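Per-chain residue numbering starts at 1, and chain names A, B, C, D and E are given in the order in which the chains are listed.
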Amino acid sequence: MIETRERALLSGNEAIARGAWEAGVRVASAYPGTPSTETLQALVTYEDVDTRWATNEKVAVDVALGASLGGARALAVMKHVGLNVAADTFMTAAYTGVGAGLVIMVADDPGMHSSQNEQDTRLYARMGLVPLLEPSDSQEAKDFTKLGFEVSERFDTPVLLRSTTRISHNRGIVVLEDRAEVPVGGFHPDPSKYVMLPAYARGRHPVVLERLTRLTTYAEELVTEEGADTRVGIVTAGVPYQYVKEVLPEARILKLGMTFPVPVERIRSFAAGVERLVVVEELEPFLEETLKAAGIHVEGKAYFPRTGELSPDLVHDGFAALGLVEPRSSAPTPPPTVVRPPLLCAGCPHTVPYWSLKRLGAVVTGDIGCYTLAALEPLATMDTCVSMGASIGMATGLAASGGADKPVVATIGDSTFLHGGVPALMDAVYNQADITVVILDNGTVAMTGGQEHPGTGRTLSGEETRAVDLPALCRAIGVDDLHVVDPYDVSATLRAIEQAMAHRGPSVVITYRPCIEAPVRIKDRPFWVDADACTACQLCMNLGCPAILWTSETFEGRRKVTIDTEMCTGCTLCAQLCPPRAILPVQEVGS
Amino acid sequence: MTIVDIRPHLREWAMPHVLCAGCAHGIVGRAFLVATDRAGIDPDRMVVVAGIGCSSRLVGYLDFCTLHATHGRAPAFATGVKLARPELTVAVFSGDGDGLAIGGNHLIHAARRNIDLTVVLFNNEIYGMTGGQVAPTTQRGAIASTTPRGNTEPAFDSVALMIGAGASFVARASASEPFTLERIFTEALTHRGFAFVEVLSDCPTYFGRYNRLGDGPEMLAWLTRQDSRVAEPLAAKRVVDHLPIPEAPPGLDLGVLHREERPVFTGRRSG
Amino acid sequence: MSARGVVLAGVGGQGVVLASAVLAEAALQSGFEVKQSEVHGMAQRGGAVVSHIRYGDTVASPIVPLATADVLAGFEWAEALRWLPYLAPGGALVVDARRIVPPGACRDHRRWGVPYPPLDPTSIAGRTGAVVLIDATGIAGTLGNVKAANSVVMGAVSRFLDLSDAAWEKAIARFVPPRTVDLNIEAFHAGQQAETLDPADIPELGLDPLPERHYHIDVNEAWCKDCGICPSICPEFCLALDDAHRLVVVDEEACTGCRLCEVLCPDFAIRIVTPVGAQGGAR
Amino acid sequence: MKQSRLIQGNEACALGAVAAGCRFYAGYPITPSSEIAEYMARHLPEEDGVFVQMEDEISSLGAVIGASFAGARAMTATSGPGFSLMQEHIGYAVMAEAPCVIVDVMRAGPSTGRPTSPSQGDVMAARWGTHGDHPAIVLTPASVTEIFELTVRAFELAETLRMPVIVLYDEVLGHTRETVELPPRVEIAGRRTPRVAPTEFRPKEAGPDGVPPLPAFGDGYRFHVTGLTHDERGFPTDEAEVAGRLIRRLHAKVEAHRDDIVEVETLLCDDADIVIFAFGIVARAAKEAVMVARAQGLRVGLLRPRTIWPFPDREVAKITAGASVVLVAEMNLGQVVREVERAVAGNARVEGLFRADGEAIDPEEILQALAPDLEGAAR
Amino acid sequence: MSARLDLRFAGAGGQGIVMAGRVLAEAALRAGRAATHSQAYGPASRGGASRSDVVIADEEVVFPLVRRPRVLVILTAEAHRTYGDDLAPGGTLIVDTEASDGDDGLVLPIVETAARIVGTELASGVVALGALSAAVDDTDLETLEATIADRVPASLRAANLEAFAAGRSMVR
């Protein structure tokens, strides 16, 4: 029984890492992305796994596929939109099949807690004809990971392991087991399988389809059935299963472990044993449509939202609408409270570049990272944010359109630039786009919590490595107008960006300051506000610094500010802006 | 604090003034006018003496008795005015070259005498009126029309100079902090004795252009950047890393840096 | 035992995630099934952070269903209000009297203001059982580190949960930084003992909206040299340079009368005029 | 009541200044003028005036100009090297129309030269030392008494014409003590103040005499003073027409008052065949020479300008009309002689007696210089 | 043209010759005559040879400088070398004993007498004045004495008058 084994509270991501390790994984590659990031960070703490950050998700899948062909069990990890980047390799990896087991873990983000869309990875499974496993809690996250490697090898296919935010970031109890030692099988060249020339590829497609048939049958083995109440049968998977159990503990439930291929016939027989068949699934009506296409009468999205994350309450509401439960007592309305949008951190080095752009006036294409928050008040400077690296190409297009009435500036973080921005910058130089690219180099992948990347000089395991020299890279690409500035230097940043914007043709400004959170937390001598000197102009408030707070004191009918010295990192930005010089280093108290 | 409308203190018929767009000298002049008002000075009894240079041209627009004197000699003219008519409030506007190069002698001796003057020294690190030549306050390495390869001489620290010379009120402020300027000018004008206020100002036309420091807005921010309260924390947090960050200039201490009560020279027995 | 639900709510940086990990661990140590759920990423950047913990003999949903939480722990007043619907009727509200006002709140500016709710427990009367309003931040500060306020809150939370002190202490020791274990355990016990404050003793923030005032930005175009300083400094972006690089007043309504443009105009060209009869000193 | 005293030339200068109402002195020590400063330092405070020893001669005249605009009658005194330094501010005082008196006690130059020896080498520096086209008024006393008188006169001219006036004498006169009779007080005309209200006041608008009224700083007229070329409002201008108008007026106001400004003294010139032209200490030697010559029955006269600038050219022409020889004796290598030649315009032969070794020309030398011509001068 | 008397005191700084010249000129003034006084300035007055010249005339001194003094008082050897040849033909020479070079004039212990009576060489000029007043008809004894009395500090008045008398008595 479980008492005899070690138990631990693990998040879904930690459990997946544990599962991969127990499965004897040898190579793991990932690009950080919420909510998937912690998986590799957990995995690197285990021995005997070559765990590495990739430049981007496609590279991660390339690396994992290569490792797999070399006979080592391999894992690639990414968030849902990362699979878009990796899709090229992913789609064809379905044809090549694998050497040793290859699991691609993809974390979806229903509700978009930290994402730009809420695409449903199950649709990729169907398009790629690749099996997809879907755990419903931490224990299953570990178990399904291990299962994924077995399925991969057994069916010679990559396997998608789909998590969601609520799995990845939910801690649950997991029973820990030992690592299975799986020897490296070695690379066995097989051009007809691994070289996807059209002639060879044509030969692989039927193999894939045949494999799918076998997988469909196999998927039936991965269902669990419970409950005795036959008035309704519920088909579900993943975290919605937990909500169903919460609301209807006694209901008859068919929980799928593999949601692609869908074990349609198993469901058909399940449907036969219940009065009504209901599918509870997050996001797309994936199972529902598959079942309907198979002629099975099923209800689903008519009662459960297609957008956002499900919850026990929404599931309850759906069941209530279906007449299965009493409606909830009218949901209590929250008392009015303050809106609290996220902000760039106190001392964030991204602040001034955006502050400058707002001052200078520009059409700003943004990118994916902390700095996307610059789209919100008070910086409110970003005009677009679409996908990793899109800022530069979009800027090029915007400039080419002739429709921008102000200079076009792309802003992109260091990691995002290396992830997807470099080809676009090459394009901008190649086509001599009249744009300015501001590379916000904070020396880390900050948004996801401070990971290393090829520009930081360190690997995931903390070893020193060659760092990409961004200025040299830009020069090599052909950027002639290149500025490197300290974004804590307001004037230098302002004028570098202005000068770059004034340059005709492509120009690059690299702003460099380490993130205040990583690799080390920066907490220098804080500043304070001399209330007697403060004239309440509130100019500092335009930085959006969370350490700058309002006070009840006023000056000429405006509110003065104060600084939370605990939060203040001593970056000096507000002090640089303050016209009455009311913001001073704390040492000057009383002097 | 009362809001002071400075337009009544301007010779509106002479406006607009001759200074370049974005030159911070006007900000200083405005703060000075506010200070004269706050200090309760009767404009009929206010005399502002100036030397030669951009900053000195400013006095022509101030509706006081204004004496646009010769290059560097404003402290001497002011000494004459003040000694001849002690009930007048006398101030001097001087540039860095005006006050510290050609007029250095007059400045130190006025300070030594502790005559009741307020000297405002506009430091824009360059000779603006003559077209951007190196000044005694130009930082080492800076480009000027006469230091095309960078200035090899060290710059004057006028505050240390003035304290050494005996000024009884010595302050340094920046054109980027107008409210501080108003306060310091008010204190300087009401101080009995020689009051010296160095104001870090800027010259976008020459110094800014030669040294790629931008126009008026950028140079105002650059001025702020010189403040030791900003410069030193920034220098302290400099991290060794893979990207070359331009060396930060050393910071300058700002504020009222010296104040003492000393006998005031009046040239009279009753002094 | 049916699953117990606790919702912890605060602001990014307050240690909500850490506190929820401690609670989950304490429940684990006590032999319960535990699920604890939080959201990472962008939301943590000074935004609202919430964590759900459920434990019991069996736990299905990792999310606490609405109106079922046994305890709602607010690390800050406004966040406590935000998640109040999760509290079961009769559930306990533990809340630090600390108020973290986001910059967007109480902004004088016309475009960015959402008021911060008054700290008034009577405004939620009847929606909770016990209300434990404590000065967790103050207590932690007295102990030497305000960051331990989360442990103080958890100490107060522990009064309403059936977990042993030993389990709590073990959990704290596991998650907090090693140097701060003793401090956090001390803070935890201080939280258990913390007195409920009388709201009347908590000073008002004084952040109610100020009276609206309107200003005229008087630009003397003959004097202005379009240097660009005022547009670069105006906190409200009332001024701008147009395509011809001429200064224009683009949003006089937004002017707060701070006069930065006036005092930083090198050309004496700008004057902020308060219309006669308006508050704040006409001229 | 006049009282005979034995006083030094420099002291007489100071006494004249105080008597003329000078209440501000700024200077820098330099031989052979320093006694003026010393005397002023002792006595100005007694008159509620101000003495200040400045850091150099430049600032000395700067302070004097400042004091002048503050309403004080103000002066400075110096010698050659200091006079060179003052040239900047002499020009300023001309341009800004600052009433002030500058005393130059000439010593042997150029440069540091012989500080304790006399010369008359600054006569052109007093006229043209400062740059630009400017008028000049320079007075040349020849005795201790006249130092007093012309210092007083200098103040009157400076105040009424709003310009710097230079008193030019040499080391010998400065240091010689002579028996003088000085009036206890003198009354002089002062500067004219505006009659219009401050709002109507245009600081550089002159009436027919070309001299604008001048209020003192602090008297309710807020006006601008500049050394830049300016308009009638006193404000800098780049308009050629306005600039020309200003410069011409600065000259014209002196020209308009020329006959009042220019003073010459003659001794026995009416019938003179030889007229000696000399000023300052040389005129004293010349006078003795004339007396010696006349005692021998020779028709020799002396023409002595008390005003050297504007140059008394009309007076020279008229007085020398009957002479055949004009001997110009000066303690330099020939500065005024050319002015005399210009004035005489070929109607007489102009000879020069020059000495530039730091020694005063004495009567013997003059008589020797005259010797070749004395025959013709015999009755 | 009035008759004029040119006199010169030649000596070193610190011997009181400038004062002697001024006293002499002032005394002439008191006596209703005209006088001028001039002196050597600069380095010469601070050691080396110095001079103090007086011209006395009945009505007006036209040329105020002394070229060939009719009376020459020499107090130092250095002054002797510098000014010894200036004496006008037939003039009166008064030389201090120590400075004498075998001169024809009056050789008197002027400096020694000053030091003895007043205690300082500064009074040498006063002693010389005494000698001069006795040797030259042209000077007015009473005004000279009165002028000395006015010129010197009260505390030294008696001693100076005694020195003056000693100078006179040397010549008589």
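Keep in mind that, in the parts below, a contact is a pair of C-beta atoms (placed from the backbone, for glycine too) under 8 Å apart; a residue touches a chain by one contact, two chains touch by 3 or more.
Because the structure is predicted, anything quoted here is derived from the model rather than measured.
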Discussion item. Hop distance check: chain A to chain E, minimum number of steps through touching chains?
Written reply: 3
Discussion item. Touching both chain B and chain D, which chains are there?
Written reply: none
Worksheet entry | Touch-network distance, chain A to chain C, counted in steps | 1
Worksheet item: Counting C-beta pairs in contact, which comes out ahead: D-E or A-B?
Response: A-B
Response to the item:
Per CA centroids, the chain at the heart of the structure shown is B
Discussion item. Between chain C and chain E, what distance separates the C-alpha centroids? Give it in angstrom.
Written reply: 102
Practice prompt. Mind checking the centre-to-centre distance between chain D and chain E? Centres are C-alpha means, answer in whole Å.
Written response: 35
Worksheet item: When the C-alpha atoms of chain C and chain D are each averaged to a single point, how far apart are the two points in Å?
Response: 84
Practice prompt. Round to the nearest whole Å and give the separation of the Cα centres of chain B and chain C.
Written response: 45
Discussion item. Two-or-more-chain contact residues of chain A, please, as numbers and ranges.
Written reply: 359, 494, 535, 556, 579
Fill in: Residues of chain E whose C-beta touches two or more other chains
none
Practice prompt. Pull out every residue in chain C that's touching 2 or more other chains.
Written response: 231-233, 259, 263-264, 281
Worksheet item: Pairs of chains that touch, anyone?
Response: A-B, A-C, B-C, B-D, D-E
Worksheet entry | Residues of chain D defined as touching chain E within the complex | 4-6, 31-32, 115-116, 171-172, 175-179, 281, 284-285, 287-288, 291-292, 295, 360, 362-364
Worksheet item: If you look only at chain A, which of its residues touch chain C in the complex?
Response: 7, 9, 34-35, 37-38, 113-114, 137, 165-166, 169-173, 239, 242-243, 245-246, 249, 311-313, 316, 328-329, 331-345, 358-359, 361, 370, 372-373, 377-378, 405, 447-449, 494, 535-539, 541-542, 544-546, 548-554, 556-559, 566-567, 579
Worksheet item: Okay, in this complex, where on chain B does chain A touch?
Response: 3, 174, 176-180, 212-214, 217-225, 227, 229-230, 233-234, 236-237, 239, 241-246, 248, 254
Worksheet item: Any idea which chain C residues touch chain A in the complex?
Response: 11-13, 21, 24-25, 28, 33-48, 59-63, 65-67, 78-79, 81-85, 101-109, 111-112, 114-117, 123-124, 127, 146-147, 204-207, 210-211, 213, 231-233, 235, 237, 240, 243, 256-260, 263-264, 279-281
Practice prompt. Name, in rising order, each residue of chain B that touches chain D in their complex.
Written response: 11, 13-14, 43-45, 47, 49, 57, 59-60, 63-70, 73, 75-85, 87-88, 105-106, 108-109, 266-269
